[in-house]
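Going in written order, the chains are labelled A, B and C, and every chain counts its residues from 1.
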Amino acid sequence: MKSHITNAISDFFCEYETPRQVLVRNRRVGVVCRLIQLGVLAYIIVWVFIYEKGYQSTDTAVSSVFTKMKGVGYTNVSGEERVWDVADYVFPSQGDASFVVMTNYIITEGQKMGKCPELPGKHHCSSGSDCEGGRYKRQMTGVCVNTTKTCEVLAWCPVEDDSKIPDPPLLMSAENYTLFIKNSVTFPTFKVSRSNLVEGIDKNYIGNCLHDPKTAPLCPIFRLGDIVKMSGFSFETIAKVGGAIGIVIDWTCNFDVDVRKCKPTYEFHGLYGNPDEKDDVRASVGYNFRYAKHYLEDKVQKRTLLKVFGIRFDIIVQSLARKFDIIPTLTAIGSGVGIFGVATVVCDLMMLYLLPKREFYKNMKFKYTESQTQDPDSEAGSTETEASNK
Amino acid sequence: MKSHITNAISDFFCEYETPRQVLVRNRRVGVVCRLIQLGVLAYIIVWVFIYEKGYQSTDTAVSSVFTKMKGVGYTNVSGEERVWDVADYVFPSQGDASFVVMTNYIITEGQKMGKCPELPGKHHCSSGSDCEGGRYKRQMTGVCVNTTKTCEVLAWCPVEDDSKIPDPPLLMSAENYTLFIKNSVTFPTFKVSRSNLVEGIDKNYIGNCLHDPKTAPLCPIFRLGDIVKMSGFSFETIAKVGGAIGIVIDWTCNFDVDVRKCKPTYEFHGLYGNPDEKDDVRASVGYNFRYAKHYLEDKVQKRTLLKVFGIRFDIIVQSLARKFDIIPTLTAIGSGVGIFGVATVVCDLMMLYLLPKREFYKNMKFKYTESQTQDPDSEAGSTETEASNK
Amino acid sequence: MKSHITNAISDFFCEYETPRQVLVRNRRVGVVCRLIQLGVLAYIIVWVFIYEKGYQSTDTAVSSVFTKMKGVGYTNVSGEERVWDVADYVFPSQGDASFVVMTNYIITEGQKMGKCPELPGKHHCSSGSDCEGGRYKRQMTGVCVNTTKTCEVLAWCPVEDDSKIPDPPLLMSAENYTLFIKNSVTFPTFKVSRSNLVEGIDKNYIGNCLHDPKTAPLCPIFRLGDIVKMSGFSFETIAKVGGAIGIVIDWTCNFDVDVRKCKPTYEFHGLYGNPDEKDDVRASVGYNFRYAKHYLEDKVQKRTLLKVFGIRFDIIVQSLARKFDIIPTLTAIGSGVGIFGVATVVCDLMMLYLLPKREFYKNMKFKYTESQTQDPDSEAGSTETEASNK
């Protein structure tokens, strides 16, 4: 029994089966077939391996982003001078990946809870019955104020008048603020971590540099005016009504080469359309939100309401790393071999159905397990061909 | 020499090799094999190509989300009327993708830094030794206050009493607030950008619409009560203790058709379990946080502490775009051909080991490089068959 | 006509073609070829299927994270005692995935808008001409103040003096704060949702547990000191100048087994380098931001400016789920068959070009469609071999 198994194993290792093939010598089918095969080979080598780098597996990164603004703004509204520092114009203050820089505002100071008429021109009323509670999404008291012909509401009084947006924007000086971005990415599959403060971007360099797509593409300090310009906006319009800008940090890395060559690129683009467009039906223009500072004055709770117009920055990290991996390589080769098989099938179809000598080739290629009544001659022809080879 | 190479190239292009095949005429093996082959073909065409769209490559988007709440809340606590506008009830105010809408609160006004006893019933003490520093995660002074039988602590005084959550929730009016979502997505591989303000969702439409899964599925304005209902909560319970709701914006797009057909769908689901469940051992119910407003009164720093119960909305963008790509197409075809090869192997095994005429087929299929002592007859049979074909 | 089609179908189902093969009995080529084939098979089974789980498709999750800090800090600055609770030391207060815990601060109280000289030693001036507007990114008034020999600026006065960072850090007690993380993940392709409050992590458990990598790896409550230690920092240094720590929640799940086995693991690592390093040219050390509390005093707007040094926590959710899928399985098998084809090609090349009997094997394998003038003998040899088999 043991020798039986040994024999079987020995047989297994001494034998080797390989398909028998017909070598068809025919110019037409040969040229077509070789061209198809070369095409498949070129596709696999050039396209899959060189162009699309099919021998690599890919990974995207998890990332974290911190930001820090610098710069001081200055306003002079009817003689009242004041400066705006980082604690005043950045929302939120702790340096998130998504933040707003105030560029314009409508301030309503000294609001306190009470009853006051709505702004003239808002919702015209002629009697108290026009001012039923809940209409117009306000807390109505049911009184129509004679002087303004508007309903009285329970609200923070005086109510905000945001009909006129200051023009030019009050904080045009925002153009010269600078933004410092720290970004760390980790590719979990490849266990590689990188920071946008790459080799050579040290303390001294950062102290003096300013990002420029050509001369300083790796400097992580950006002038706001430059960002706005690069994203295709005019600073004055975006500063007036607000807007949203995406800062894309692109990490496209190839870890088959030195990991230090993995460096970020920065791109800037406006989100939700350009306010310069004169499209009056555009769905939603500008960017603003309301923000309140509360205080106590003479034991009364009051607040200063700011309608903040500003540039909202969204820092978006986009990443794609590649590294050699045996599995995609062999999958690409394996399915490439399969496509080679397709090429053979195409050539066979051509040979067996299109060529004048197709019956001859059919008999060369196929051997039948029983004599076929349909075409006994071609069968005979086949064996005759074999005979003639002798 | 040159003619030698030319000859070789000429030979290469005139020759074409194709495998020789046995055409087995046997109903049983034929039917089985054809069914397997048709099955493989059907799998490749129907499943891989039509159902799973294996001819397409995929991409996920990078996205940015802005939100804006509208609506006014109203409370009447022991006669004191007040309204709550967006600047009061949204945290944070600048319209992030993740934000909280306050629906209930416990207010502790006029806190100042000082020494006061803990709430009665919290940590009973009988003497100062029970009140050593650091116990109970409070800053103890080592004094046991007689009147309350609790330890004295250094804290913002008076200490907050959050044992009773207002019921019904104070800001039930939150049900009628509306939420406006702006979402922009970019598919980097396909270089396509889309916004949830798709074609047809213009200024006029947005001014009047309200999201409804059936009648207005693309309207980006949502009533809070509707969102809560669609995510399976009862508004009253979630408003009382707070909760978390995920708003999933799903971009499943096929860029082989018109890019304008790429539209978002909105889904709502509760995160971390439903507070309606009567599960007392559930790990963590509700959602709340503490928020302080600081002010100065008579030169003394004071603060108003709000324990905010609210609905936390997390806007989650989920995206999957597909587009025709030559590589997955050919990989699918190539590996499909490979599976065809598996079908042949299965049929061969059946033919060579299961059929009664297996020895006959074996000799049809195989040719041996040397005469085999084991079965000379079948060898002979094979050649006889060939002879009988003549 | 109909019978013609029926015949064709009948023929199709009764026929079956299988390649004819040469069974080469040669030890050298047999062993090499079998080893290659076994290698390919081992690669497919062991590597692709068992190690890399090539029979599964993958999915990443969308997630939402909430956090909640607990603990009270205590400072005693020149006799003035005060405590810091969650509403004071966490930014932002609503429990985001990215937040800052204040550990040290420089406070500048009672700032009001006005004109005051810059700090001595900052930018030396000798006359007003040194103080032109806009230099040094400050709003200069053009006056050089004699007493300090610095320029007068329009600013929140008095200006902040952040030259000395309190050492030891004022809020060392932050070490004992605890952080509670709630994380919910959804794998959209597999339609599975999980929360980090997995089975068994109920209210009672959470009330008492504290995360420990060995004894309580699933407890979602973390002591700040532990996190800092596990991420490789010294608490005292990071508390002094601030720093950034990434908390990675890793969901690596196999949905072919019980979904309840899908549990998170927590990892901690410092972002952007360790402040313990004595590298003076490091690009950016520490983490801080400025934060202002506004109030009104005697009708004058004032603010308290805090330069906050703190630990910034970024909670990063990393996910990869796997589940059996027919498509990657069959793609792996199909391309595996293709690689088998490569093995045959290698063995054929060896047999046809390297072996001494290569001409013999060539004639066994190939059949020519016309008599070849180059080597008529080998052709004859081929047919003789067939004859000798009889």
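Operating definition for what follows: a contact is a pair of C-beta atoms (placed from the backbone, for glycine too) under 8 Å apart; a residue touches a chain by one contact, two chains touch by 3 or more.
Here the structure is a predicted model, which means the values were calculated and not measured.
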Worksheet item: chain C and chain A are one sequence twice: same or different residues at the contact, by the over-half rule?
Response: different
Practice prompt. Tell me the angle, as a multiple of 5 degrees, of the rotation that maps chain A onto chain B over the C-alpha atoms.
Written response: 120
Discussion item. I'd like to verify one number: the distance from the centre of chain A to the centre of chain C, where each centre is the average of its C-alpha atoms, in whole angstrom.
Written reply: 17
Practice prompt. Return the residues of chain C touching two or more other chains; collapse runs of consecutive numbers into ranges.
Written response: 17, 19-26, 92, 295-296, 331-332, 334-338, 341, 364, 366-367
Worksheet item: Mind pulling up the chain A residues that touch chain B in the complex?
Response: 17, 19-27, 29-31, 33-34, 43, 47-48, 52, 54, 91-92, 98-100, 113, 137-139, 154-156, 244, 246, 248, 250, 271-273, 280-284, 287, 289-292, 294-296, 299, 303, 305, 308, 312, 314, 316-318, 331-332, 334-339, 341-342, 344, 347-348, 351, 364-372, 379-380, 382-383
Worksheet entry | chain A - residues contacting chain C, complex | 12-26, 62-64, 66, 68, 70-72, 74, 81-83, 85-88, 92-97, 176, 180, 182, 184, 186, 188, 195, 197, 201-206, 293, 295-297, 302, 304, 326-327, 330-338, 340-341, 360-361, 364, 366-367, 385-386, 388-390
